[in-house]
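I've put the structures underneath this note.
Here chain A shows up in two complexes: once beside chain B, once beside chain C.
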Partner chain A sequence: MTTATESILKQILESSTPAYFDKGNEARKKAFAQLSEIGLPTSKSEEYRFTPITKALEKRFTWTSSSPASEAISIDSFLPAIGDTHLIVFTNGRFAKHLSKLDGLESNVVVSTFEDADLKTKSVIQSLLGTISKTEDPFAAMNSAFYQEGIFIHVPANIQVAKPILVLHINDAQAKQVIAHTRLLVSIEKGSDLSIIEKSDSLGTQPCLHTFTEEMIVAESATLDYCKIQNDSGSTHQVSNTFITQADNSRVNTFTLTLNGQIIRNNLTIQINGEQCESHFNGLYLVNGNTLVDNHTVVDHQKPNSFSNEMYKGIMDDQAKGVFNGKIYVRPHAQKTNAFQSNRNILMSESATINTKPQLEIWADDVKCSHGCTTGQLDEEALFYLQARGIPYASAKAMLLYAFALDVLTVIKNENLKAHLDQLISERLHKNF
Partner chain B sequence: MSKDNQVLEEFTSKEYEHGWNVNLEADEAPKGLSEDTVRFISAKKNEPAWLLEWRLKAYRQWEKMAEPTWANVHHPQINYQDIIYYSAPKQKKSISGLDEVDPELIKTFEKLGISITEQKRLTGVAVDAVIDSVSVATTFKETLGELGIIFCSFSEAVKEHPELIKKYLGSVVPMNDNYFAALNSAVFSDGSFCYIPKGVRCPMELSTYFRINAANTGQFERTLIIADEGSYVSYLEGCTAPMRDENQLHAAVVELYAMKDAEIKYSTVQNWYPGDKNGKGGIYNFVTKRGLCFGDHSKISWTQVETGSAITWKYPSCVLKGDYSMGEFYSVAVTNNYQQADTGTKMIHIGKNTKSRIVSKGISAGKSQNSYRGQVHIMKRASNARNFSQCDSLLMGDQCGAHTFPYIDVENQTARIEHEATTSKIGEDQIFYCLQRGIDEEAAVALIVNGYAKEVLNQLPMEFAVEAQKLLALTLEGSVG
Partner chain C sequence: MLSIKNLQASIGEKEILKGINLEVNAGEVHAIMGPNGSGKSTLASVLAGREDYEVTGGEVEFNGKNILELDPSDRAAEGIFLAFQYPVEIPGVSTINFMKTAVNKIRQYRGQSPLDAVAFLQLMKEKMKLVEIDQSLLSRSLNEGFSGGEKKRNEIFQMAMLEPKLSILDETDSGLDIDALKIVANGVNSLRSKNNATIVVTHYQRLLDYIVPDYVHVLYKGKIVKSGTKELAKELEAKGYDWIKNEVALA
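Now for the complex of A and B:
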């Protein structure tokens, strides 16, 4: 372990309330032991080669006290215009009950914090929590050791949850730094459908660190739509570890949109643990300034006859850095797997960089797998064509970028959400690029 | 499917055809590695003091380094003290003609079908034959000499052209570049040296056949090729090794240096002993190959056909320093049984308007693991860089693995990078199509695989293309996807 890690760990440990470990929570103790063992990543760590998050933590944060609980924040300006939704609000990593809106849920659908759950639910949480997540990532281990709040969403068999559930994270770093560790545990049982939209925003310019560990268990013939919108302030550091596991005939569509932040790291792991599964995961990062966005995705085909398709696109301007690593594993016996991946990038400035590593690991012979990856800039001729027709340079550029970016939205089924994202992307491209 | 399994079985149980062992009375260094070993090797070769110093410096650096573990290969820990670092075939007096060469050696070549005399007469290829680390015969030297081309063993070059060696040794692969390069720098036994003067187009393919021959001998070759302004050279390297039970370590270093407008084409056919069908024995091939396109408009092209070795760890790279320079990498890597290959390339774009092209074809069968690992790095000042990479994998049977690890790092907005990779098997429809036309299954597989690898095989010089196609067909005899 490096000295940096050591001192940070020591500070974290000293700053955390004893309550974390007093409750006899073996999982937390184990995760903490693991974190102490693996340490925080350095530039030598293969998985964090281009993402100097430990340095940032060292430089910008003090680990003296845990963040204050929710304050009076108005959430109206953060609500996306996507029609009627159920609403779960977190402020500074704590569940804000008074801001949330959970009435009108289908009967038997449970949405509850881990703490407030009734006894029966608590035992379900106990039996599911940590079963599909791994703590090999230092921040997953950190989260598992220190999470302040967790939400459990349970959809029993054969229920189509009509309205999407919006999970809104607001971190208020106006006066003080914020350190938040939150969890989400979702279980969708046989034949059910659920759509989750997660949005994170932050206020102020003080440093903010938010780690997420999210576990989503999608049972047989169930469907999960999951959309993540990251639009934080320029001092936010985020590491999310999202684990999704799929059983036979299930469908999963995920979309990750990153617009802002300081260092944003998304680890998305999809385990295809059943046959005839379908999995689409798309992502788009439109970043400028000093933002670093790092998407690490893993799709692990463990059973035969499934399909996965991944498409991540990115536009980097100013000093922004993009990092992409997409792993496709096809295990022995996962025959007849079709797995596709593509990563396309546009660099807009001299100082923008992209480090991409698409990775295929195949142990079965009767499969179709491919990945493609490109990096380039806007076509001069296309720009000229538009300008020759009287379209100003800036609009022409935005138009072309918009056309480049747009097809990642094909994975979104909710029309309201699609329109909202479309507008968000278009505005961003016109304004900032 | 049972018939498929049966043919697969047959194919996977095929023993190495070039397995035999000629008893040459070797002149060996004592086992183990220390400063004394380095001094012994240097003394044995009558080297000047500066080279000994260079070796010792490398050795001291190596001592401080750790063996890399990032490659996707698994093997028992190598005991570096259990290896003999120098072994020379008995060769007391210096020779002027082939008739003076040890008849045992001549027999060795004849068994391999690469008899020097025959090569000399029929193909016009100048062969610098290396058996266990010491060059024993160099042909066509005079013809090349007339053009000012220097093509000789490394030790000879140290004696006769020390100024060139001093200047370029380690200029492309620094002695402390990596663990195995440092090891090689300390104990390299011999190798080839080649210098093409300004404006000369080398009239023939230069070629070296490597053999590893005495038990427990690591072979540490060192090759240095310098192409001066406006020159051109095509260099061939090919190898077969006798059957052996213990793993043998091979850590070679190849340095290519291309000046303004120069072009170097380097082709390899590697067919060392891959171990038996249970994965016992075989060569560990940990090689550092790198070319530097130093001058503007220079070009380096690597072509490799890798069918042998138990473990291959090899990344022929191009550093594109000169503006408008160009790097190419064409590779076919076949693994079978328990073979493991982790191979690929690095294209480092430094100069403006540089171009690179990567075509890699992996074929894995049996219980083997085949990895492509490559990097395309566009540095900040490398504007208008262009790269195209394609790496395809073909799997035969359901117990092997194919892996792709491409790293693409772009720091300049004007770069245009394309990378694509696919994984597939030989389609039943393709086999069926051939069967319909009266082509039997084996021939069909050979046909399809040859077609699959064509893009790379086409890059090989004539003399090698034949050998490579034969090798592919031989390795894949009886296999059905």
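Now for the complex of A and C:
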């Protein structure tokens, strides 16, 4: 164990053991033991080489238990303009029932905290929780040990959930730092459709650490659309561990948009555990200032005849840092797999950086796989061409960046959501045409 | 309209334009000819404001304004249009959206209100006919996957849309077959008026059969070494550029 880990874990234990462990949960104790064993990542940890999150945690946080959000918190300014949705609100890692809006869900669709679930649901949660989230990631272990709240969403067979479910996380860091650990467990049964939009924000400027562990089980012929919006202007440190598993004929579309934050780490793992599956997972990071955004993705083709396509794009300005790591596994039985990946980046300043690494491990011999990553500056020739037609430099620049970024939105089907994302992207790129 | 006096420009350490003098009046068509590497495209680029070139001396006045101080976009808004030798492919930007932005930015510069969608579409339809360009092509990403002829037609379409006072056609004939050349030339000719002027930069006389110049200048080693009428172009076609080179060498 490193000294950083040791000191942080010691603080956690001293300050908050009773609060975290009073439920006598063996799984939490096990997770804590795992965390103690693997330790927090250092600069030598392969998976966190470019993301010095432990240093930031050491420097910016004290590990006392966090204060609850004030009751008077208003969420209006954080609600995205995406039309009517169901709404789950977390404040400082706790489910805020009075701010949430879950009426009008299709019958038999369950949305419940782990704690408030009825006995039958509790046993379902117990049978599913942790089954697809096998990982060595220390923040997943931290989350498993300390999560304050978990939400279970269950869509029984053959239900098309009409409105998207918006999961809104708000951390109130006006007075004190916030440390939040939340979980999401989603089970979409055969032939059902669900769309989840997740957004996180904070109030104030004190540091926030938020870990997310999210498990989404997509059964045969079911569809999941999952969109994550990371546009928190506060001092946010986030580590998400998102696991999605797909059965035969299922469809999954994910989109991750990162615009703000201190350190944002997204671990996204898609297990294609069925045939004839289709998965599209796109991401866009448009970051400036000192933001560091790190997307680690894994697509694991375990069965034959499925298709996956991954497209991540990034624009880094100022001192912003981008990290992309895309692993594609094609297991020996996964013949006739089509798996594609691309990561394209534009650096807008001398001090912006990107570290990108595709990792393909293919054990099957009859597959179509490709990957490509590019990093460049804005095309000067194209800029001049636009300017020579009367478009001023700033607009020409915005036009090119917008054109570069926008095709990642093809994965979004919900027109309201697409328009909102388009708006966010346009604002970030100062598009004024 | 355009007055170039002793214009000198270099790229890096290399001096390319070594004192160009040229007067272009409204209603005129000037052809600039010359062997490869003589500085023809550099002249076109410098006039449009390409930053790769450094202007090291001389003056360029356009309708009384010193344009060397203006950004490329302001030069365009003042009425200078460069038809590129190699039009750039820009994925994700359709010609229609690009032109709508360009037209309205230029209108804004001139203090005019922007065109609404209907007025813009009407203008576009009218100009499309001139260069026989199809709307489906204009809905696609700018120049992406266009043939050489389609790219050049798109240049002339853009020129028609922006209604420049001075058009500079940089080797517009390169990569065109004779049919495409005729279409492009027809477009250029139909846009000619007593209020605008055209500079045709070309290596070959062929284009000048279709866009007939009032004046022909021969550029060699960064200077205009000979000027004349359209007959000069024919002479060059018959004798080749060696004749000029020898003359320069003797002088």
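Operating definition for what follows: the second predicted complex is superposed on the first by the 421 of 433 C-alpha atoms of A that agree within 3 Å, B and C clash if a C-alpha of one lies under 4 Å from a C-alpha of the other, contacts with A are read in each partner's own complex, and residues count from 1 in each chain.
The working rule: a residue touches a chain if its C-beta (ideal position, glycine included) is under 8 Å from a C-beta of that chain, and two chains touch if they have at least 3 such contacts.
It should be emphasised that the depicted structure is a prediction, and the values quoted were computed from it without experimental measurement.
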item	value
Touching partner for A:L406 - first (chain B), second (chain C), both, neither	second
Partner contacting more residues of chain A (chain B vs chain C)	B
Which of chain B and chain C A:E381 touches, first, second, both or neither	second
Touching partner for A:I391 - first (chain B), second (chain C), both, neither	second
Touched partner set for A:G104, first chain B, second chain C, both or neither	neither
Partner chain in contact with A:N355 - chain B first, chain C second, else both or neither	first
Of chain A, residues touching chain C in the complex	379, 381-382, 384-393, 395-396, 399-400, 402-404, 406-407, 433
Contact footprint of chain A on chain C as seen in their complex	48-51, 71-77, 81-82, 84, 87-88, 90-93, 98-99, 101-106, 109, 158, 162
Chain A residues touching chain B - in the complex, by the definition given at the top	46, 330, 332-333, 335, 345, 347-350, 352-377
Contacting residues of chain B [partner chain A, same complex]	70, 380, 393, 395-425, 481
